[in-house]
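One structure is given below, represented as structure tokens, and several questions about it will come after.
Chain naming follows the written order as A, B, C, D, E and F, and within any one chain the residues start at number 1.
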Amino acid sequence: MRPSGRALDQLREIRLETNVNKHAEGSCMARFGDTHVLCTASVEENIPPWLRNSGRGWVTAEYGMLPRSTNTRSDREAARGKQSGRTQEIQRLIGRSLRAVTNLKGFGERQVRIDCDVIQADGGTRTAAITGGYVALHLAFQHMKDIGAIEELPFTDQVAAVSCGIYQGKEVLDLDYAEDSNAAADANFVLTKAGGVVEVQGTAEDVPFQRSQFDELLDLAEKGVAELCAAQAKALGLA
Amino acid sequence: MRPSGRALDQLREIRLETNVNKHAEGSCMARFGDTHVLCTASVEENIPPWLRNSGRGWVTAEYGMLPRSTNTRSDREAARGKQSGRTQEIQRLIGRSLRAVTNLKGFGERQVRIDCDVIQADGGTRTAAITGGYVALHLAFQHMKDIGAIEELPFTDQVAAVSCGIYQGKEVLDLDYAEDSNAAADANFVLTKAGGVVEVQGTAEDVPFQRSQFDELLDLAEKGVAELCAAQAKALGLA
Amino acid sequence: MRPSGRALDQLREIRLETNVNKHAEGSCMARFGDTHVLCTASVEENIPPWLRNSGRGWVTAEYGMLPRSTNTRSDREAARGKQSGRTQEIQRLIGRSLRAVTNLKGFGERQVRIDCDVIQADGGTRTAAITGGYVALHLAFQHMKDIGAIEELPFTDQVAAVSCGIYQGKEVLDLDYAEDSNAAADANFVLTKAGGVVEVQGTAEDVPFQRSQFDELLDLAEKGVAELCAAQAKALGLA
Amino acid sequence: MRPSGRALDQLREIRLETNVNKHAEGSCMARFGDTHVLCTASVEENIPPWLRNSGRGWVTAEYGMLPRSTNTRSDREAARGKQSGRTQEIQRLIGRSLRAVTNLKGFGERQVRIDCDVIQADGGTRTAAITGGYVALHLAFQHMKDIGAIEELPFTDQVAAVSCGIYQGKEVLDLDYAEDSNAAADANFVLTKAGGVVEVQGTAEDVPFQRSQFDELLDLAEKGVAELCAAQAKALGLA
Amino acid sequence: MRPSGRALDQLREIRLETNVNKHAEGSCMARFGDTHVLCTASVEENIPPWLRNSGRGWVTAEYGMLPRSTNTRSDREAARGKQSGRTQEIQRLIGRSLRAVTNLKGFGERQVRIDCDVIQADGGTRTAAITGGYVALHLAFQHMKDIGAIEELPFTDQVAAVSCGIYQGKEVLDLDYAEDSNAAADANFVLTKAGGVVEVQGTAEDVPFQRSQFDELLDLAEKGVAELCAAQAKALGLA
Amino acid sequence: MRPSGRALDQLREIRLETNVNKHAEGSCMARFGDTHVLCTASVEENIPPWLRNSGRGWVTAEYGMLPRSTNTRSDREAARGKQSGRTQEIQRLIGRSLRAVTNLKGFGERQVRIDCDVIQADGGTRTAAITGGYVALHLAFQHMKDIGAIEELPFTDQVAAVSCGIYQGKEVLDLDYAEDSNAAADANFVLTKAGGVVEVQGTAEDVPFQRSQFDELLDLAEKGVAELCAAQAKALGLA
């Protein structure tokens, strides 16, 4: 019933390719099917002014889409002179999600910037960005440990994200663009490996959804995130 | 245990004052305790280009905070030359929430703009804006009906919003600023009178929260929104 | 002969409501008939760079209109990304007017920001802003005195403002929108209680006006400002 | 007593050089002593949307200062990305002043843009701009008459501007920078040849000025504008 | 002597991978060693206003660098709110270069936008962009021919670009970043397969270079462009 | 054959008027026929952050066109809120050209800003700007020497610029607007008195040009720049 022929609770093919950029301290090309997001982690010694002398570091994220990552070309945000509300919403979400599993006191007064650039889009770019962003951040922390800047990775948990939605009356996992653009409702879930809820963003497009449906979406998300966490561990050589 | 002395499941004092602006087709000053949001609804005959000849109208929202609505003065967004990511996120949320209960084919090719301006802030400005925005929109549609522009109010349901969060380990309803700035997690729920879920935005600040906690927050929200819907009906003279 | 039925030299109903904002050091809702301007005074410890180590403080103002404060909704300046020339002209005027009666050496190296936000407009918003801005500033200085930050209020005089114009061939005081939009000429006068001229801005709309007419407008303004100063004193509990 | 040795009621050397630009329909380099403002008038066939089919034309102005027109170099407004409040205030003033002596129904649905660019500044740039702008506009209308586009010049009067101020306790005419930066008060007067008042902008810098002083400034301005009108007429070959 | 061990007249490894984007009408990942530029061609039916009813089409280009494409992370232009002078210079160059070999009358009133996004930078990004941009444009025209929109490819010649410079006193071909940042002079040459000069941009960094040196750089460029044209033909399946 | 009647290798009338601005440390009105560019040099004691404590100074340039310097009025860049790509390209070129003949270690940690403002345009504004900018810079350095700030002028050579192009099949020197707008190709050459090449920017408009043609353009440029260097020396009283 799904355009891709997937089962209702089946993720797209997930590929998390590491070290794809020669300059960044950590990098990952996250592919959820035809959605490809390049995530790089850049470690900087300077920190936002409001954190100086706090003993804490910061993790932040930026997000962008290449103009022709989408089916119809979009205007370049740099040419328009400002980032859209959607872009800002997504990059704030990515930053919060990664900070939720990071001990900000564990890597000194440094800032790690996660850049998530959508090379090709087919739905679910923010969830691929969070999932790949975690891998890039992990590699950057590993690099800092390797060069002796920190003693251990400052993670408190592992995080990944997936979207779920109601498509043709059914709850489905990991919507692609064909589904997303016709879904009655969709939700993004950012969950940790340990089962915690970091972020939930559910939106009804046409008609409100019922609480029972929302529960089923969360069930699907828990299954999907468990698989994504396993893929992250494998990409990082930890599994 | 709450700074305000409220019970865990108790809303702040809710006041929805109607017709507070002599120019707007609909207006409401929504007060959730010390949070005061002025909501106006402006009916315009012109419509976004992508809706021309579609037979549909549009409802959109803008949000702003007066510089000294907050404890510490914030820069004026007009002076800085751009709206923050937070502002854009909130105004998109308000617009989606109101459209979710509106039949866009029911009021011609017109646009209704809801302006939500925070006169004084004490936590929960977006939920007050949605709750008051519904009242302003209702009054504007009533005005259109009174002048014969439409035959019936194009609503499919009634909508209101409230925040819930985990404060000192307890789930509480309708956080004020003192609670919000110390909450472990908080969530905004936009629900309909009929019990549908329009939007859920849950965010863990420090540590992820558990699924069971999230369920309890939703229980609180259902109670709070029922009371808010009753207050809306009363303000509109419908109850 | 005036649309409102007022006498030629009659002000609109003036209401200056104090302490309308729980956060600001001083605040005043200034109502000139249906023109309502919320004025807040925010005391900041940091000062513009060019005044550091000068022993002087600074008073500055910002001005804005809510989008639906006007009969037809105006675009939000924050959304357009810049303040109009009119806005900048008015906020510079307010700042100059208040500084003209303030001893800048009398409150340390601090800055007081006056925010004047038009909640509802019906002509004369800048004069209401100056008149209410003085009240807010006075309350902020009183607050500083109460907490021991200064020993006496650093005012050299008291200031208020009013518009006058030529409507249907007659000189009239305190134009409302119906008059303002049809006036042959209008002028804004910022005068002190002691009779000094702080600012005069006279503009002929269609045809230049005569010097004798200008003199009559100034006579009207002196009468109006005297009444406004009395209203300020009463609102501040000084009369 | 004046730094320049001028009498209290003496203008600087006034030079109004015409046709200084090979492209513009009218142009004038207006020199008030060391203040040099290049004024060009550009006739355009297209008109602002709100005037279409009104049978009326429009006259508008823009103002700019070259970065090193001032003693200390100022930032280029094009590089900063926005025009200052002062720039906008001045260009609005120039436009209003010229429209006040123009019959907008007398030259078809056309727009004349007056560009006033300060090549060198020594005080009084806005008054030089208005005085030179009138000459440029006159030449452009003369050009339109010469090519048969209009039958007569659509002027209702002749306009010029001058500043006056209180310098070391004395009322003086046409302040230069040395005076302007030390004046207790200054005012700009835009007057017509027939004696009408088009614009008055008086500002007290440190202490308010008295009504009697203001009257003396206006006396000086009337004398100065009469001389400027004579200089305009001579430059235009009308005297 | 070159850091990479290349001969003086040796290009880096050139890879031109086609059809790397599922949405674009034409696409090419151009790799000049470690410099990777993703080029997409988007065909649009609407055209700039000044070309309407001219019977001509238009080819234009945009250029961007991902923030961490460089060794040290650069600010995102979309976040800064404007494109740098360098970005604008490069995208204008790419557009002119491609238009110089395109018959603008040969593909109807359509616009082709070439987006060149630097995924990883190691010197020579603009020359890789032009070389890959030609391939993307060729594929887009081929696509238009395949669907019957045009009858033949509207090219008048084939174009590619390469940089040359003076490194440690020697003329070298195709500078990488290690060379570029230490070159005494460098020049970008855009040449056609038929031997025409489309664009030459030579810049002396520290000391001017001699005319004889400039001639040698052009010799190198002719050799390099011939090889690049062969690589383009091979990638397009034409050789 | 040239619209102006000039010989193929003949410059327009060149006038370099010095000390045209009473404020600037150096200034020159450069006139190439009807192209008039006002160049001022401003010496500033503060330097860009990245040069602090380097022992080096900096020379930079800004460029602008008055709105009616062109035949058809152009929008004011300050009003549009950004500088065009062309403006940025030109001001970067001017800065590089002047730095190429300046010993940046020879005038302390100071910055000299060259402002080049086009008062009237008739083709070749950037070459007039470079040629006049050198004169302004020379005068500013001479001023610094006169007041004892430096001991000798920190020039390593003398620089000037001229455009050449292919007009009606012939190579011509110093294109005016009538030629420039109809040229098949045009190139700007920045050369030193000693014969060095500082910048070459050649662009084919319609069809690529041949290498032999490019050589002829360079021959013409060498002749032109020699004459311009002589004019600079004469204006500076050095010849």
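Just so it is clear, contacts are C-beta pairs under 8 Å (C-beta built on N, C-alpha and C of every residue); 3 or more make two chains touch, one makes a residue touch a chain.
Not measured: the values here are computed from a predicted model.
The set of chains touching chain B and also touching chain F is empty. It takes 180 degrees of rotation, in steps of 5, to superpose the Cα atoms of chain A onto those of chain E. Seen from the Cα centre of chain E, the chain whose own Cα centre is farthest off is C. If you average the CA atoms of chain D and of chain E, the two centres end up 51 Å from each other.
Centre-to-centre spacing of chain D and chain F amounts to 33 Å, using the average Cα coordinate of each chain.
A separation of 59 Å divides the Cα centre of chain C from that of chain E. Annotation for chain B: residues 81-82 touch two or more other chains. Ring order of the chains (start at chain C, first neighbour chain D): C, D, F, E, A, B. By the touch criterion given at the top, residues 82-86, 88-89, 91-92, 96, 100-101, 156-157, 187, 191-192, 194-204, 206-211, 214, 218 of chain A touch chain B in their complex.
Those residues of chain F that touch chain D in the shared complex are 21-24, 27, 34, 38, 40, 42, 44, 62, 64, 66-71, 73, 76-83, 87, 113, 115, 117, 119-120, 122.
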